[in-house]
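Two complexes, one shared chain (chain A), two partners (chain B, chain C).
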Partner chain A sequence: MTLLTRKPGRVAVAPPAPLRGRRTGERAWALAFASPYLLHLVALTAWPVLASLYFSLTEYNLITSPRFVGLDNFARLFADEVFWRTLGNTAYFAVLFVPAQTILALLLAIALNQRLRAMALFRAAYFVPVVSSWVVVAYVADAVFNPQFGIANQVLGWLGLPAQDWLQDPALVIPTLAAVAVWKGVGYMMVLFLAGLQAIPEDRYEAAKIDGASAWNRFRYITLPGVSGTTFLVLVLTSITTLQSFEQVFVMTNGEPHGASEVTVLYLYRHGFQFFQMGYASAVAWVLFVLVLALTLVQFRLQRRWVHYA
Partner chain B sequence: MRRLPAYALVLLGALVMLLPFVAAFGNSLKSFAQYIQVPPVWLPDPVRWDNYAEVWRRTPFGLYLANSMVIAVLAVAGNVLTSSMVGHALARSRLPGRQALLTMALGTMMLPTVITIVPNFVLFRSLGWLDTMLPLIVPYWLATPFGIFLMRQTFLGIPRDFEEAAGIDGANPWQVFWRIHLPLAKPALATLAVFTFMASWSAVLEPTIYLTSPENYTLPIGVMSLKGEFVGNDQLVTAAAMMSLLPMLVVFVLAQRYFVRGAVSAGLKG
Partner chain C sequence: MRLRMLATAAVAVLTVAATASCGGGTGGEPGTVTLRLGFYAAAGDPADTTMRKLVKEFTAANPSIKVELEVAPYVQFFQKLRTQIAGGQAPQVWLSDGVLVQEFAARGALADLSERVKTLDAADYHGLELNRDAKGRIFGFPQGAQTPVLFYNKKMFAEAGVDEPTAEWTYDDLAAAAKKLTKDTNGDGKPETYGFRAYSPGFTESWWPIIKAFGGDIVTDENRKVVIDSPRSKAALDWMLAAMGKEKFAPDVVATESMGKGAVHQMFATGRVAMSYGIYARSLPALSAGVDFGVAPLPKGPAGRGNVAIVNSWVVSKAASPEQADAAWKWITFFSGDGPQRAWAELGEAIPINKQVAESALPAERRRAFLDSLAEADDLGTNAVWSEYTEALAKRINQALSGAMPVAQALTTAQQEAQQIIDRFQASGPR
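Then we have the complex of A and B:
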């Protein structure tokens, strides 16, 4: 703490002449400190955005230089049934996954927020899937959803229900993937909600109790508005990442069975890195980018209607 | 008693979270015959710890582990250093345009990774970096938006008196940063480190795109490649997957509170 005990007035007495030099020096230092990000902006932000926009208007196979083709890639893309099906699969996955994960995360956070004993232990349990890679999760999920020797079918058997093919059933593959994704991601979102819940002032609940508000009404009129900001954030974050989900499907099903789980980024990956159609892949990327952007803007638009900021 | 439903829900949830891991771990200790037995056997009998030894004997697991370690350690070092430098400049300097830089950092957090996949591949290819670790490390040495934001917030919270006192003693900005501010920012640095480690350790897309020779594989794609080699030996691939989780799990257990803190500060960015 000796650093803090400087003599008052000492700075003010400093002569003005060297101050100018000091300021330029300071700027040079600041520029040096910021330089990694300046390089990042050029190489990893501006370049990719501009280049992919350009590539999307070209035919580019990495061997010969890009050949300008106008909007051909987009025309081909919009005419491709497979592309539309991947968008449908992606949307179906998102519609199942995003609400399920959000609601479960909120419920778990509310339960954990009751000042439960061993809360840290529980929180840790929910975080183990979060820190696992998708490759690990694929094997863990296989122990559950393998049609022959998985636990899920064993449990269905105990309940007298018919066994399912899960990831190998075209009708069930996306719901199963969504369930696994919720299992993997819910712990992270739960922690976000816990932080949101803990920011709600305790005296609001006290006051409501005194006024005789029921538990449901306290939840409806205090908790829900109180975490609406967090909910909004969770919805925006998860929908952005969900539209771009790749790793889970790549590792767990690779689009099978019969393309029933082929998502749009997997489609992009195949065209770009298996067929080396970089122009076409860039067009896919831009369509997806516009969709993500549109969805985000809509969410920001709608937030006024339901998000309460204390 | 009033908290009983809450306990029930949380306990049930914790079981759902952990039982699959227990089942997969059990699978990794079975013989193949037992692995595919219907109905499933919960407890392997006999317990074949040798499966793990066999993975080490028969696969380049140690090599994958070393590759993943080198990449993760260098990624962490780079991101922690450069993000705190940039965060420091944004929080402390009078650099013109620093507000715009901050806005851009926040904006690029929203930039979908899909946009960058193809151009980055083209860029790294033209630099001759394909099938090397560089594309998996160098981007972390150019600071990440999340890291910049986290470190900026942290440095803003440190009282100015500290550096003024040090400035008088004739320290240059680097010395102020290195000797005074960084040590005070240790919790945030730890948070950034664990999140970077997790991102690097679990990455699938980038290693798949950039690494082509098996001797360069990281653990996730190395383990994935075993699937094709070990048809009819899935218990061994499961054992390899379990082993690949172990270092991550150790980091998580040691640094749990930083994971929670990071999750929350990532949430605050919006």
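Then we have the complex of A and C:
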């Protein structure tokens, strides 16, 4: 992210005044106050990250000390069909989940951005799944999508449509997971959009109305640009969490049926913590990290074309 | 200057605080040894209660040994264990799932117990021979044994007027009886009760013994060579597919998985199926549900019964000090003795490994089927990469059993993928 602020054409922030003139006492105090955070950063973030980079170049079974193997783990990784399939599964999930959740969250936010009685109740209702644990959500999802006893198949039956196997159907498992994830996550993003909507000055809508702008045009030319900053935030956050998604799949399908819902982090977890291949798992983590970073950079680059900060 | 000192002091204090929490004291009174003992059990489970009681008896009899317990439910226990080993913080003795002993042993985490085992009479214990690795070494001492037999619901047999299973039953007899026991009471085309449970994600009670009974095999050559891709394995899986498909006397994969996690082990206890392969531990849910059931040996296939066994075992950490290792062995021999074995047998969770106790403590009507099956059992293809290669196999076989892939193709792919996993480990160096 700091890379981007250094791009030409952008106004750089003026460098702070040289510290030399200040009293050293201030620096000591600053260090004293910053030290808990610095220690935390070094001990619990920087050190493990660097260690995992080293492990990714080793064969490390957690029991005997790591043995340096160069880029072997990465060679194996890129040749491993299963790894590519997990990446494909993850991407498929993201492609369904990210737009669906973002659009739905915006629509809900607009619908709930009204002065109506009991509005707080509606907003809370959409927020309940957000604070529920995945284990609870998995039970709810099973009540809906269970091929034998679920409500979804009953509804299909009333409509005269054939019953589906949902989470047990290799073709439907990812769309079903994405639908459940939207249900669980949409409330949070809705709240972000609500905040964004409320930051749009009311007088813009009034002016547009006086000029005779239609409801669609007010949405298109005032609301959408008005929440573009929020939309960007929502997109970046959801993309990152999607690529790292683990808990939902771990709890709901554990990669079944036959690996059709095995996402990359689940694959990483299995190799690291079940199959004693921490070196290989670290390599997976680094590939995933590079992918997340690349995706985020692309999003930051594209944002200039469509994000307006009022 | 004072301020700089203050800052340095703050850093120092935090550093000390951070490192202190990593240390973990090992001190104690001279002459005493502290033994950290790990086992898996759900909190409040009868197994947990009995184990704690036995540990108390043990420390009362051995005042110089102080035991610290580390207990967690199965999945969490092994998750934590791996990181504990990595951090040099593993218990000195722990209860291992039988299929994981070689995984830990091959990576150098376990002490070789072969010499200590020689001080005992091996003929007194079940499962010792199954625990020998390819080089004849023993890394785990049996704690409790499990082997699948055929569970059957006596009431459902009587109601359908079907003769109960005998030791002479073949797979054809099983299929014929299962068809008669399958009932679609509401006439919607889907049976409410099935004659037999064929598929289970737990393959010890499903395709593994069936493939062996049909003359196929999974791994040979000291469990290093995968040989599952054979016409005989195909015949076994075809039999299972017919049971769930054409013949419809067993619930299919989707119906079984829809019951929910772990529910497959309850299908017999809840009367959804009249027959099921089950290990000894499956007696518990059936008993607590009040099912009137019997057990028979697995039916005979073209190549026998395909008996397999899992021997859950005590293992000793290689990192244990000599005093701790001695104390650990004392605990193991204590646990294998008459009194503790009887207390453990009362739980009804596993076949006691003390042969004398097994003969007298197992319920008479179920004793022979389990003990004879155990005597004939092979190990479950255990090796250093058991979890990984069996998962690869199961993935493909479940694809075949749910009709997502032709059986022949699934077996070929399964064999290739599993072999690759074993070869990769072999190639990473001699152990």
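As a working rule, the second predicted complex is superposed on the first by the 275 of 310 C-alpha atoms of A that agree within 3 Å, B and C clash if a C-alpha of one lies under 4 Å from a C-alpha of the other, contacts with A are read in each partner's own complex, and residues count from 1 in each chain.
Here is the rule we go by: a contact is a pair of C-beta atoms (placed from the backbone, for glycine too) under 8 Å apart; a residue touches a chain by one contact, two chains touch by 3 or more.
Quantities reported herein were computed from a predicted structural model and do not represent experimental measurements.
Student: Which chain, chain B or chain C, ends up touching more residues of chain A in the combined arrangement?
Tutor: After superposing on chain A, more of chain A is contacted by B.
Student: Go through the superposed model and pick first if A:31 touches only chain B, second if only chain C, both, or neither.
Tutor: Both: A:31 reaches chain B and chain C.
Student: Counting only touches as set out at the top, which of chain B and chain C does A:157 meet: first, second, both, neither?
Tutor: Only chain B is touched by A:157; chain C is not.
Student: Could you look at A:274 and tell me whether it touches chain B, chain C, both or neither (first, second, both, neither)?
Tutor: In the superposed model, A:274 contacts chain C only, not chain B.
Student: Of the two partner chains, chain B (first) and chain C (second), which one does A:52 touch, if any: first, second, both, or neither?
Tutor: In the superposed model, A:52 contacts chain B only, not chain C.
Student: So in the superposed three-chain picture, is A:125 touching just chain B, just chain C, both, or none of them (first/second/both/neither)?
Tutor: first
Student: Classify the contacts of A:258 with the two partner chains as first (chain B alone), second (chain C alone), both, or neither.
Tutor: Second partner only, chain C.
Student: Is A:282 touching anything from chain B or chain C once the two structures are fitted on A? First, second, both or neither.
Tutor: first
Student: Quick one: is A:63 in contact with chain B, with chain C, with both, or with neither? Answer first, second, both or neither.
Tutor: A:63: touches chain C, not chain B.
Student: Just chain B (first), just chain C (second), both, or neither: which does A:165 touch?
Tutor: Only chain C; A:165 stays clear of chain B.
Student: Do any residues of chain A touch both chain B and chain C, and if so, which are they?
Tutor: The answer is residues 29, 31, 36, 39, 43, 62, 142, 148-149, 273, 278 of chain A.
Student: Spell out the part of chain B that touches chain A in their complex, as residue ranges.
Tutor: Going through chain B, the ones touching chain A are 3, 5-7, 9-11, 13-14, 16-21, 23-24, 26-27, 35-40, 82, 85-86, 88-90, 93-96, 98, 101, 104-105, 108, 110-123, 125, 139, 141-143, 148, 161-162, 164-166, 168, 172-174, 177, 180, 198, 201-205, 208-209, 219-221, 223-224, 234, 237-238, 241-242, 244-245, 248-249, 251-253, 256, 259-260, 263-264, 267, 270.
Student: Using the touch rule from the top, collect the residues of chain A that touch chain B in their complex.
Tutor: My answer: residues 3-4, 6, 10-11, 23, 26-27, 29-31, 33-34, 36-37, 39-41, 43-45, 47-49, 51-52, 55, 62, 107-108, 110-112, 114, 116, 120, 122-136, 138-144, 148-151, 154, 157, 183, 187-188, 191-192, 195-196, 230, 232-234, 236-237, 240, 243-244, 246-247, 250-251, 265, 268-269, 272-273, 278, 281-282, 284-286, 288-289, 292, 296.
Student: Mind listing the chain A positions that touch chain C in their complex?
Tutor: On the chain A side, the touching residues are 24-25, 28-29, 31-32, 35-36, 39, 43, 59, 61-64, 142, 146-149, 165, 168, 170, 256-259, 270, 273-276, 278.
Student: In the complex, go through chain C and note every residue touching chain A.
Tutor: 3-4, 6-7, 10-11, 14-15, 18, 79, 82-83, 85-86, 103-104, 107-109, 253-255, 257-260, 385, 387-388, 391, 395-396, 398-399, 402, 404, 428
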